[in-house]
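In what comes next, chain A is part of two complexes: it sits with chain B in the first one and with chain C in the second one.
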Partner chain A sequence: MKNKLKVLRAMRDWSQAQLGDALDVSRQAVNAIETGKYDPSLPLAFKIARLFELPIEEIFDDEFEGNIHD
Partner chain B sequence: MMSLKEISMIDFKNMDIKNGPAGDVLRVIGIAAMGIGLVFCVGMIAGILSAHREDGGGPLPGIMIGILIAIAVIMIALSYGVYAAMKRQIMGGEGMSKRAKNGRLIMSILFGAGAAIGVALSIISSEDGTRTAFSNGPLPMPFAIILAIIIGIILPIFYWLWHKNIDEQEASAYRDGAIAGMYAYAIGLPVWWILWRGGMVPMPDGTTIYFATMFIWGGVWFWKKYL
Partner chain C sequence: MAVNSKIKPKLSVKTYFRTIDFCTLIFVAGFAVYLFLNESGNYIFLLGAVFFIALLYLVYRGPSDEFAASCWNGAASYAFISMLGLSLVIPSLSGFIDGMYEAFTDDYIGAPPADAPYIPGEPLLPNLVAGEELVMAFGIAIFLMSFHWRRFRGGHS
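Right, the complex of A and B next:
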């Protein structure tokens, strides 16, 4: 899943370690999410959204463009 | 707040090698390599002394003393290397959470315990002439009881503590490793057994199967966690 975590982090001038500390996850976890190698759980995604004060869908993009009923 | 232009100029990949993901990978590989080196050195010393005893014993010749001193110096260097790398790995860089530090400390204790068990097995095994830590040779009963208690009762407490301190990405990496290891075991063992019954390979060996499973489990965990 694509996300804007790296850009949002850089806009606040935070290191991966600092963001990891704020989210109570490791630096490797932040790196894995930023590079799209790991999709966070729903609780962690909400935590990220709350930290950046943005809706989840503005941070994460599942690239779904069709109708949910299709 | 930084502008988008400033953000685009940041070299994320090379931002901080010592504290960044690349540093973590190199340190973990280094600690594992130095740990294996230490066990290998202990095995060499035990082997040399055992061979000397088998040849009749007596005072050690100068060349043998020189070799033993050289191995001891290498061991001191490796021990310091493991200590320095582990200290950095446990302390981490700026902003590392208490939970992450706890997880790394517990992992280091487990690595240390594994290395100590390997060294102890190398020394004990060399005394009965098998000279390898993981042979199927007999062990003195008190030593076997102590090791069984450490592996079966004490270390699982640390496993539990480690699981309490890891984050969800590491837990996911660990589960992926466990699945890969289980598949390797579930497929590899029957294949080996069938080929053995067909007279093409030696009889399946429990120690080899155990280490192959753990190697795949650990390798996938490492790949998913750090790479």
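Right, the complex of A and C next:
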């Protein structure tokens, strides 16, 4: 899943470790999410959204373009 | 999550990864002792016990970080499926190795004749592939490799 976490973090001039501390996860977890190698759990995704004061869908893009009922 | 953390605080990701590193070291040491010292008794048992206690500690406490938990879960799945696969393959593999051994040497290591004398203390058939030990070691190796692969691929630490 693509996401804008790296951009949002850079805009605030935070390091991965600082973001990890704010989210209560490890730096490795932040890196894995940023590089798209790990999709965060729903609670963590909400936590990220709250931290950046953005809706989840503005941070994460599931690349789904079809109709949900298809 | 909050309730669990009050009962037993989960391990920090640093401690969690350090403990896995320790387990890897123990496993490599055990393998080296088995290979180079040809020792399968007390040392292996001792190292195995330390390894098991360390793993038990990891399972009991659990990681505070969901990425570390995902590394564990993924590695455990691979280890399980590879152990299951190897358990099914080992009898055929053992037969294949015995067959190849017989083909390239004149030694007969198939089923012994009915009137073959039994020599106390010596197995009738050479144990070329020690099935249970191989499956266990293979499973642990797959688990550790998979865990570290996921950890470094995701974390670059």
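Following the convention adopted for this analysis, the second predicted complex is superposed on the first by the 70 of 70 C-alpha atoms of A that agree within 3 Å, B and C clash if a C-alpha of one lies under 4 Å from a C-alpha of the other, contacts with A are read in each partner's own complex, and residues count from 1 in each chain.
Operating definition for what follows: a contact is a pair of C-beta atoms (placed from the backbone, for glycine too) under 8 Å apart; a residue touches a chain by one contact, two chains touch by 3 or more.
What you see is a predicted model, and the numbers here were worked out from it, not measured in a lab.
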| item | value |
| --- | --- |
| Side-by-side fit of chain B and chain C on chain A, or clash | clash |
| Partner chain in contact with A:D13 - chain B first, chain C second, else both or neither | first |
| Which superposed partner A:P40 touches (first chain B, second chain C, both, neither) | both |
| Contacts of A:N31 with chain B and chain C, given as first, second, both or neither | both |
| Chain B versus chain C as contact partner of A:L51, first or second or both or neither | neither |
| If touched residues of chain A are counted for chain B and for chain C, the larger one | B |
| Overlap of chain C and chain B interfaces on chain A (superposed complexes) | 24-29, 31-33, 37-38, 40-41, 44 |
| Complex contacts: residues of chain C adjacent to chain A | 1, 13-14, 64-68, 70, 151, 153-157 |
| Contact footprint of chain B on chain A as seen in their complex | 6-7, 10-13, 15-18, 20-21, 24-29, 31-33, 37-38, 40-41, 44 |
| List of chain B residues in touch with chain A within their complex | 1-2, 4, 7, 10, 12, 15-16, 19-21, 24, 92-97, 99-100, 103, 166-170, 172, 224-226 |
| In the complex with chain C, residue positions of chain A that touch it | 24-29, 31-33, 35, 37-38, 40-41, 43-44 |
